[in-house]
Structure formats: C-alpha cells, structure tokens
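Comments concern the structure below.
Note that the chains take the letters A, B, C, D and E in the order they are written out, and that residue 1 is the start of every chain.
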Amino acid sequence: MATTEYRSKVPFWRDPVKRGHLFQAAVLLTALAIGYTLFVNTQANLQRQSIATGFGFLEREAGFEIAEPPIPYSAADTYGRALLVGALNTLKVSSVGIFFSLILGTIIGISRLSHNWLVSRLSVAFIEVMQNIPVLLQLFFWYAIFYEAFPSPRQALNPLPGLFLCNRGLIFAVPAAHPSHVWMLAAAGVGIVGWFLLVRWGHRVQDRTGRLLPVHRMGMALTVLLPLAVWLLAGAPTAMDVPVLRGFNFRGGLTVSPEFSALLIGLILYTSAFVAEIVRAGIQAVSKGQIEAAMSIGLKPGQVLRLVVLPQALRVIIPPVTSQMLNLTKNSSLAIAIGYADFVSVANTTINQTGQAIEGVALIMLVYLFFSLSTSLFMNWYNKKMALVER
Amino acid sequence: GKDLDAVRKKGFIQVGVNGDLFGFGMPDEKGVWRGLDVDTARAVAAAIFGDASKVKFTPLTAQQRFTALQSGEIDILTRNATRTLSRETQLGLNFVHVNYYDGQGFMVPKKLGVKSAKELDGATICVLPGTTTEQNVADYFRSNGMSWKPVVIESTAELSKTFFAGRCDVMTSDASQLAGIRAVAPNPKDYVILPEIISKEPLAPAVRHGDDQFRDIVDFAVMAMIQAEEFGITSKNVDQMLKSKDPAIQRFLGVTPGNGKALGLDEKWAYNIIKQVGNYGEVFERNVGVNTKLGLERGLNALWTKGGLMYTPPFK
Amino acid sequence: MSDLIRDNEEIRPPVTKVGVLGWLRENLFNGWFNSLLTLATLYLLWLTIPPLVKWAFIESHWYTDPGVCREGGGACWSIIPKNVRFIFFGFFPEDQQWRPALTMILLVGLAFYSKDRRRWKKSLAVIWLVGILLMGWLMHGGLGLPVVETGKWSGLPLTLLLSFFGMVFAYPLGVLLALGRRSKLAAIKSMCVVYIELIRGVPLISLLFMSSVMFPLFLPEGVTFDKVLRAQVAIILFTAAYIAEVVRGGLQAIPKGQYEAADSLGLNYGKTMRLIILPQALKIVIPPTVGILISAFKDTSLVVIIALYDVLKTTKVTLSNPEWMGFSTEAYLFLAALYFVCCYAMSSYSRRLEKELNTGR
Amino acid sequence: MNGQTSATLTGTGPIIIIESMHKWFGDFHVLKDINLQVQPRERIVICGPSGSGKSTMIRCINRLEEHQRGRIVVDGIELTNDIKNIEKVRAEVGMVFQHFNLFPHLTILENLTLGPIWVRKTPKKEAEEMAMMYLEKVKIAEQAKKYPGQLSGGQQQRVAIARSLCMKPKIMLFDEPTSALDPEMVKEVLDVMVELAEEGMTMLVVTHEMGFAKSVADRVMFMDDGQIVEQNTPDEFFANPQNDRTRLFLSQIL
Amino acid sequence: MNGQTSATLTGTGPIIIIESMHKWFGDFHVLKDINLQVQPRERIVICGPSGSGKSTMIRCINRLEEHQRGRIVVDGIELTNDIKNIEKVRAEVGMVFQHFNLFPHLTILENLTLGPIWVRKTPKKEAEEMAMMYLEKVKIAEQAKKYPGQLSGGQQQRVAIARSLCMKPKIMLFDEPTSALDPEMVKEVLDVMVELAEEGMTMLVVTHEMGFAKSVADRVMFMDDGQIVEQNTPDEFFANPQNDRTRLFLSQIL
C-alpha cells in the first residue's frame, strides 16, 4: 500500500505514530523504574530494621473491644474479625448515609427552586453553612449535642413506653423473639412482592383501558395487613424485649448509639448540601422548551416533573452525585474523632498494637478502593443505562 | 555507632514526642515544648552536645510513632510509650530506662457510688485509643467475667468532655492522665479515681536497633537524672557539688574522668544534664508534680530510697 | 384595519401586589402549606435564638481567666484572645511572629488585589511571583532574618500556605492529568486513568498517613524529606486527581470544530491546547473547580491526623491544656466561623467571576 | 375585513376569541391591544420582524404565557388562572415549536403516546395504533423505535407535529416550525403542514415561508411592535400591502 | 473533461493532485478512487447529496482526515505522516467551516492574528495591520474589538474567511460556508467569496448555492456515494447533466 511506503521514509521524530510509541515507552519505563526503586528501597529498609512484615497478625487475638459490632465480636476474636467489624460499620454508616443524603439533598435542591421566599432562602442558608464548614467540626458539633443535651440513663426521657432517650442513645423495645416472627417477615415479603405485582398489573390496566389505579396505596395496605394477619393467627404474641435500666445501662431492646447518630447526621447534612446543588443544577439543565412542550400536550405539573423533567435531569445529576456518594464513604473515616468504630478507627488501633503500619495503611486503602470502585462501577452501569441515545 | 555519628553530624537530635499530652509533651502558649518526655530528650542533647537546646521535636500520633523511629525520621522516641515485649522484639526497638512508671486506672463520678472496679459490670467506658489502654481494659474485664461497652475517642480533650457530660460511666487511662483530667472537671470533687491499677505501664524512651553506643547514651542520660537526685545534686547546687569530696559524685560529674570516655562523650556530660535540665525530681515537679495542673504524687516514681522504683546501676 | 395604539398611550399592567404586605403575602403566606412552614420556622427561631444570644453575648466572657469562665455560665470566648498567639502562629518563635502575620497579610492582600479581572495581565504573574518569593523569605528567613525551619511553621499560616500551594500546584498537574486521560496514546491514557481512579478511591487521610508514616521507608536510607513538604505533596496529588476530572468535563464540552479550526491554521498540539482549548475549557469549569478548591481548603484540616500543627491542631492543643480543656465549643465555633468566612468568600467570588466571564460572550 | 369572510363561510362561531389583550414582561409592553377572532378550519399565517411579539401571542393562546389584560377564549373556555381550564385548553390546542422539543429520553413512539396515555387516559395499545397512524401520515413510521437524537431535524419536526396530532387537537399552533431546519428539510415539513391544512385543521402558523402562506393561508397577519398592523387574504396581502411597515418588511423578505 | 481545459489556461502545473485516493472510516468506504487535479487560480464547486463524502474529501486536502490509499500532493508537498509537511501544507491551505469555528474566547482581531503570530511568527503589530486590512475587505473592520459571540452568523462567517486569508493561503477550502446562516445573511458571505474568486484565489467550495456556482465556478463537481460522479463547466453541468443521479439531485435542489 502506498501509505506504508512513505511512512518508512519519514524520520521517526516527525511521524506522530512513531513519536507516540516512543513517548509512551519512555513514560512507562520511567514509571516502572520509579516503582522498582521504591520497592527495592522499602525491601532494604524493612530488612535493615528487622521489622516484622506480612499479614500474619490478622490471625492473632485482637484483645480490644469494639462498640456496637454489627456481627458478634469480642476481644477474644482475631484482628481479622475486628477489621471485618470495622469494614461492616463503615458500610453501614455509609449506605444509610448515602440513602438519606440523596433524599434530603433532592428535597433541599427542589426547595431551593421554590417560589416561596422563605423556603428558598432557608435552603440557600443551609447549603452555604453546610458546604463551607469542615465536616470534622460539624461532627464535633452534632456529637456534642447528643451527649450534652440528653440526660443520663437514670433520668432517661421516656416519651413512649419502651422507648428511652438518653446520652447512651436511643433505646427502644423490640418484640421478644417468637417463632411467628419468621412468618411475619415472610408475609411482609409476600406483601412486597404483591405490591410489585400490583404495580405491574396497574400498568397493564392502564395500557389496556387507560385507567389509573391507586396501586401504591393498595400495595402498601397489602404489605402491612399480611404480616398483621399472620401475627393475629399466631395468637397475637405481645411479649416485648423491653429495655430496663440495670446497673449502669439499659439492657435489652435495641440501641442506636450517639456516636453512630452523630456521624450519620453530620455526614448526611454535609453531603446533602452538595447533592442539593447538584439536583438544582440538573433540574435547571433541562431546557425550558421541554417543560413547555410537556405542558402544551396537557400534562399536569406533577406529571411534567415525573415524566419529563426528572428523567432528563437524572442524566446530568448521576455522575456528580456518584462523586458525592464516594465522598460520603471517604468522609466516614473521620468517625475516629467522635468514637464510632469504623474501619479506619479499628485499623488504627490494630496498627498501634501490632506496629504494622504498612499493612494497616495498605488495608485501609484497599478497603476504601473496593467500596469506591464497586460504587462507581454500579453507578457507571446505571449512567450508561440512562444515557441519551444520539446520532 | 552510625546513629550517633549521624546525630553528631546533624548537630541536633530529632525527637518524637506526644503533641498534646499536658505534662509529658505539649507546646505551651508561646509554642515552647514542655513536659517530662521533652525534658528527658533535652537531657540526652545536653549529654551529647553539651547543649540542651540542640534538639528538635516532632509531634507524633500513636500510629506514627514506631514507624517514624524505624524509618529514621526521628532518632529517639519519648512519647509516653509503654515498654512491652512485643514492641521490643517485633518492632526493631530498644527501650531504655523508664522515665515514668505509670499504671492504668479508672475514674468514676462519685454519685454512682462505685467503690471498686469490680463493680463496673455493664458500664460504658471512655477509652483513649492508640495506647495499650484498650487492650488492658478488655483483658481486665474478661478476666473478671464482666461486660462493658467502649467509647473510643481520639483526643483527650474530646474524650474528657464526653465523660464529664455523662456519656460514659467510667473513664480509663493511665493514672497520670486521670489525675490531670479530674483536675479540669467542672467540679473535680464529683469524681473519684478507683483504687485498682489494672496494668503496669513503664513509660520509657526508645531508640532503633543497631547502634548500641547511642542506646547506652540515651539510657544513661535518663539514669543520670535519677542518680543526680539520689546524690542530691540539683541544677542549683551542681556547681558547688563539683567540689564535693565524694568519689562517686566526682566520678559522676566528670571531675574524675572515665565515665565520659566510656560512653564516648564529654566528661562533663552528666554535669551538663543536671546544670541545664535538672535532676529527675526537679523535672518531675516542674512538669507533673503536685504544684502543676496535673498534681501527681511521686508514688512509684519516687527514688528507691523513698519507697519508689527509681533505681539506677552504679555510675562507675 | 383596526386602529393601532400609538406608543405614547401609556397603559400600565394591572398592579395587584405592592408594598410590604403584598410582599409578605406573596413570599411567605401564599397557600396554607407555606403559611404553616413560615409559622413553624418562626417558632423554631424564637425557641433557639434568645438562649443562644444570652449564652454567646449577654452572659459571655471575652478576656478573662479560665477560672472566671468556669464560675459564670455563658460562653467563654476568652479562650481565643488568651491563646490567640499559639492558635494563629503555633511554634513560630514569638519574637518573629510578625513574619507569618505579614505573610498572611501579603497573601490575602494579593488575593484581594487579583480579584479585579482588569488586573489579570502578565504583570500580575510577576507580582505574584515576587509575592511568593517574599512570603517564602519571610517564613523561612535567611538574608538577615533568623532561619525558622518548616517544622516550626504552624497555625493559620500553615493552613493558608498548605491550601494555597496545594491549589497552585494541583491545578496544573490536574490539567496535565486531564489531558493525559484524553490522550490517544493508550499507555499514557491508562496510566492517568489508573492514577485518577486510585487516588479518588481512597480517603485523603490514608494518603497523608502514607506520606508521613511510610514515605521514609520508600526512600534510600538516610534520605528524608521535610514533613510539611510531604503533606503538601500528598494534598497536591490528591487535589490534582479531582481537578483532573473536572477539567476533563470542560475539555469534553469543547466542540470538535475548535480543534479542527486550530489544526487548519497550522497550530500544533501544544499551541492548540494552550491558545485555543484550555482557555475555553478552564473557563467553563470555574464553578466546579472552585468547589474542589474549597474542599481542598477544608481538607487541609485533616493534616491533624499526621500531627502537623495547622490551625485546627493548634486549637486542639490549646484544648489539651487542662486550663482550657472545657471550652471546645467556643473554640470550634471560632474555627467554624474562620473557615466559613474563607470558603464563603471563595464561593461567592467564583459566582461573580462566572457571571463576569459570561457577559460579552 | 377580508380575512373574516372566508371564516364565516364555515357557519359556526369563532373558535378563538382574543379581545383587547395586553401583555407585559416586567415593564416591557410586548402585546398591545390584540384583537383576533379565528373561525374553525381557518388557517392563519403570522409574520413580522423579529421581536414583534408573534411567538408571545400564540403562546398566550395555550397559556404558556399569561396575559394581563383583556380576554382570551379558546373553544368556549376562557383562559384564567383556573388550572383545570388551562389543562382542558392545552389538550385541545397542539403546539409545534421551532426547536421541536421532543423528549430525548423517550422513543419516537413513546413521545407520541405520552399525552394520550397520561392526559386522555387512552389505553396503550390504542394510543400506539393511533401514533403509528400519524407517523405514517408524516412518513416516518419506520423510525418509531428510534430516539429523537437519532433523527434528522426535518424528521424530528415531523415527529413533533405528529405528537401534537395524537392529542387530536382542534387547533394547531406553529411557531416558526421550519426556521431551525436545513433547507433540504424544510420541504418535508411544509408538505406535512400543507396536507394538514387541506384536511381542514384550524391552524395559526408563525412563519416566514411566504410560499406556504400564499398557497395555504386564509389570512396573513403582519405584526410589528406588539400590534397586529395588517391582516388580509394572502393575495391582497402580498400584492397590495396597505401599511408602510408591511411593505418594508416584505421587500426584505421576498 | 471540460474542467481541465480552463485550468490549463493558467499555464502552470496543478497545485493539488489527488491520485486514486481512498478513505475508510472503520469498515465504511467513504471515498472511492478519487482523482482530481486542481490548477492554480481554479475555482471548483463541489455538490452532492448529504453523506456523499464532500466534506471528507476536502478535509483530506489539509489532512484533517487521513487518507489510506493513493496520493495527495498539495503545492508540491506530498501529504504523509510527516508532521513537518502537514504543518507546511496547513499553513498554505485555508479552511472555512460550516459552523465558522471562531475562537469564542478571543476578540475578532485576536482570532485573526493568532495564526500569523504563532505559525508564521509575524510581529504582532504587522499581524494586526494585516488583520485590519482583511477585516476591511470583508467589511467589518469596526467589529475588531468584539467577541465572536457578539456578532451575527453572517458576520462570523466573514471573520472566519478573513482569519483564513490572514495566513495568506494559496488555496482556500470552503465547507458549506453558508448553510448554517439565516437566509438574510447568506448574501453577505457569498459577496465576499465572489470577490475572492475574482481576485484569483484557488478555491474548492462545497456548497448548494447554485447561483454562486453558476457565476463563479470554473468547474462544478458532483459527488455521490464517495465518488466523483460528474464534473463539468457550470453551464454544461446545469444545462446538460450527464448522469442520472446528478439530474435527480439537481431536480430536488433547484
């Protein structure tokens, strides 16, 4: 072919393709060389200092307690399990946090566009304050509210029977274990499936007759009524695991600790301010023409929002919101400042006790990288699914 | 040895200290480092350079401290670190003579009516992370078959605030800390420190493996302060003491040469420590003693002659 | 033909809502929901504001000893004036503290001076260069001033310098990374992608931790870097990854035609980027960039984790002093206000800049 | 007036009545004393210089803009703040925009069925059949499953017309439907509009395609500075403009 | 062929030579065996249906697209991978795009001087004087300090032409220079192009403005499906198209 001929005639520094190859090779080599030197240095340093390395410590007994472990854990368990507990705690606070900050952020973002002066001003104020103060200080603030404003367990507030509010957290009664619970759970599951089926049926009815049915109300009723029926059938067991004040603390019931709550509230409020700005920008990015077109075929304002504006706004919103989700996860590593046992906090204690800082930091990075990459993979998939088809 | 050579070449010692532990290692309002650990480091500088100011401090967090020493970022670690077997062996460190004997205790509000740590079953306990304290409480409660809930917060200030607000029933830390924390309580009389001491916490400076001469110097610099107290030598009277007839004191202060040469130091090394930093008793009283905000008794840290544990080998 | 209205025939729109009452009706009490919301908000404000004012102003102490504070009930602002030296300047020798003070004034002054877009000329770059050199000299000393090593730089100057230089260096690095990520060269592209994704995937504290704890292990024996410098590098590397993503967005928004027009004028890659593409792309992404910079500014507070004495850490140290241990609320409120002022200034400036740059388009 | 005559032939009352209507944007008086009656099946072309208020006027007819004085009655319903009435009117009045404004996240078919399903509560199948019918009418039935972004401008505008038709409107408003199109595509769209006109749809068309006006319109209106300056049958209008401004404008455009 | 005759009149060798050139986009064969010789001062108009490869062909001439087979020689320089050569050719060949592609962040004057200053290394003052000269030529000297966004489409396109001229090109390529313009503005731009043609610039113009082709072109080429189907003098081409496809196309467009 003709082109190949002149390619050989051109000196390589004037041929962009060859130049590119050369440049890439150089960069790669440099990177490899740097990596190699670092590795060799580290090896030599570790050897010289006769520092213990490796992940053997994961199997040793941890010997420290962790508050509110999501899975059974005691000081007799291994470091490995302790770290797992930390990772689960991180997962817990970040998933709950992401869920609520998305909701709150959307509400505030829409409020910021509200025609009500007070509502939009308040939203703006909220956003400015939350965005411009370091989240660490905010965490201190929320935590202080919890331990300063609530009474000691002995003077615990008892707004409802079986529900206590004190500086140990929110403690509430849960039904005492009973065999019927499994069945109630199953019934609730059936209810949800039924809800889902109802929605599909509703769509079919709409497709067929054009009628809109109140499927969500029906589904909700189903999900509540089915477990209730099972409970009645089981003889309506009313025994409760009621928290009682014994010794220093409440025993029994379920506790939501102040540390968890403060971290959660802090992260949610901080992140939702950013989400709100993103949502606002997303909605504003939908052109006015779209709204006019939707209105001019007679859609109601709610339908315009649901059928036309939001689906389009979402595309603009998803990528930056993904970043915010990741940020929330990473910011949860500040938990250590207010005593929530997240992964970093547990890893720090581990580093401290074993002295194996390299492994500890490596684990921290790996775990967060895993959370981040899986979140972005999922969101990228979702984003692609939602992407506009264009020429 | 190489570490000593490197230090001499630099002209100062780089010392890792705690950054915000009142009485042990913390800057004052003027940004000048103060504390027992800080003065210990100054003593080493006085021994090596004849000048206690030839020292630079690196504040370290609990997680950083050992790695900083291992990596050569600092030459000495005096950061209220507890000497333990595993640290000594696995981390490539050598601890030297203890500069403070501590032990972990409990503090509770008086109104709980608790008299002994044995009554703490089910309690919520405020713990400072990053030291051996977390492990000690866990061990103690396990061995006594009791349950507890930890609240682990990074900074002392935050932790004590939560404790005083009633978030925890009990606060645990090294006894030296507890006294200080109680002193700043809104109402110190409302809190008691329980009699049990649940652990041994010998706090000692540490150096890296690999330079025994340097290790010896640091070791004897610490001990020299204790020995001086035993001899009754203080920074005020050290010049008169040079004229002392006691051969042990003469050897100690380098009037009779020998000790300095053996360590590879100036013969005046001990004199410089005492003159510029003071003996152990002075340093103790200045930083943590009864007249400071911490208000600690000598207790275990008294000289062996006064019923304490401070005992040094002969300086000959 | 119907008769036309002449222009001089003034007809006003029907005026329905005017005056204060009209405004209130329109903005606060239109509809039952809004009215309810207004009332609820007012009630909430009424519950919180008076006690807050009482605590913060009426019963507060402004320049007393901690003991006096403990007696009285109100806020103890005294912690700030009494410790302001350490909080602001940390370890910087007391007799030299005019130097960091002057540095900060210089920095803020320069920032204010550059606010005006009309001053954005080559000469401004020179002024900044001189300013930075001057600041370096003031902080570090030499040439007649006693040397103060970086280990003693702390407090507010450290915060400002870390974030300022973090931004100044992260920005070009981020731009390079963004260009790399859009490169046609597979190796360059994938390296940039890996770098950006890795860095964005981990928390800043783990990077700081690595830079402070593990970095020395990576280096040959005896080679150490300044601790502040290491933290600075970590902040730069971290921020750059975020900037890269933002800039990539801007680059994607530039139409292909711009590249083609530049090509057909005979500009090469470097000139095309420098003269045509980047000026447009960077302008588009001013708001998100400023967002990143604000985050970076707030994130410098995380250097606490590695025991660098930025303004948050110096405050915490003050709080570790048994004398002042109880007054963290006041101290943190002060810090929050400090950060808020700085961040708010940045964000409102970016909004203004965005508006200004948009006119004339 | 000449325009009225052709309308009265249909024998029923006017379907759009605008009486001394005014509109302001803030302080700016955009529409000044507009009076207009449109008979069923009448086809009106509106032209005039840019900024003269053409778009604003037809947007007032389906209340995309609110007028501040005077009356607008569409198909017997007066346009006030009553949301129910507005929705009723909008379902009767189709609108085609200059920039098509198709919903980019929906397929062509979904774009067409959205209104019937959600507003008219038509069963989906029926809605789809109708949509396909209209797509065939605008000659792009084979594109039903594609997304708007995949079509050319001319095709998109035809979809937009079909979308309006699916609501079975009594009146169609067109706001410069061809001015964003490449010249080759203008014809496709005009053909569809001509066909529509021939079927007797009531149409108000803002356009500068004078060929279209000549061949289709019952009445041509010229607007300037927020007022209807002149209106007449196309023949008269082009051959014999009465007003100076009209004459000037026509000289520029033809 | 007829076109060649007029070119040979100038008496020098061809300034553009394309010999059996092919181009693929991936698997798609866009240009098939293109052969073309352009003489200095020759003015060629290229037309053809959308997607026929007109843009691609002229973009190959200044290597905005790479060809994969055959030869392209511009002003004696063969277009290969050699960056130096490509830059040399691009400095000789001016290009005007459909969407103007002015640099929106630079003033009109800066748009014009960018090339001379950075590619030709002309002193700034000189470059500005030249720029003003060309701006006067396209009759918008008074807009020199404005930004492109502040000009109308027609003005922008004239700036784009002036920008190319500032590089003192030997050849000008135009890719549908008027098709993104409102009808009122087309004339302004065509006027400038006619003037340019009269001054003897070598021009290749992709356009559907057949009036321009008739009055200015030395040769009209018709492309379809990646091939040059027919080329001839304008008179012959319009009066007597040889090819069926050409005839069909002309019937649609005229």
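Note that contacts are C-beta pairs under 8 Å (C-beta built on N, C-alpha and C of every residue); 3 or more make two chains touch, one makes a residue touch a chain.
In this text, all values refer to a predicted model and were calculated from it rather than measured experimentally.
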Partner chains shared by chain A and chain B (touch criterion as defined above): C
Hop across touching chains from chain B and tell me the fewest hops that reach chain C. 1
Chain whose Cα mean lies nearest the overall Cα mean: C
The pair out of A-C and A-D sharing more C-beta contacts is A-C
Please compute the angle of the rotation superposing chain D on chain E (C-alpha atoms), rounded to a multiple of 5 degrees. 170
What whole-number Å value describes the gap between the mean CA coordinates of chain B and chain E? 84
Roughly how many whole angstrom separate the Cα centroids of chain D and chain E? 40
Between the Cα centroids of chain C and chain D the separation in whole angstrom comes to 52
Between chain C and chain E, what is the separation of their C-alpha centroids in Å? 49
Could you say which residues in chain A touch two or more other chains, in rising order? 45, 48, 140, 144, 357-358
Which residue numbers or ranges of chain E touch two or more of the other chains? 83
What parts of chain B, by residue number, touch at least two of the other chains? 63-64, 67, 70-71, 155, 158, 161
In the complex with chain A, residue positions of chain C that touch it: 26-28, 30, 34, 37-38, 41, 184-188, 191, 197-198, 200-206, 209-210, 213-214, 216-221, 245, 294, 298-299, 301-302, 312, 328-329, 332, 335-336, 339-340, 343-344, 347
Looking at the complex, which residues from chain A come into contact with chain C? 20, 23-25, 27-28, 31, 38, 41-42, 44-46, 48, 115-119, 122, 128-129, 131-137, 140-141, 144, 323, 326, 330-331, 333-334, 344, 357-358, 361, 364-365, 368-369, 372-373, 376
Which of the residues in chain B end up touching chain A in this complex? 62-64, 66-67, 70-71, 86-87, 90-92, 112, 120-124, 129-132, 134-135, 137-139, 141-142, 148-155, 158-159, 161-162, 165-167, 169, 208-210
Residue numbers of chain E touching chain A in their complex, please. 67-71, 78, 80-84
Touching residues on chain C, where the partner in the complex is chain B: 70, 82-83, 85-86, 89-94, 149, 151-152, 154, 209, 212-214, 216-217, 221-222, 224, 227, 305-307, 309, 313, 316-317, 319-323, 325-326, 328
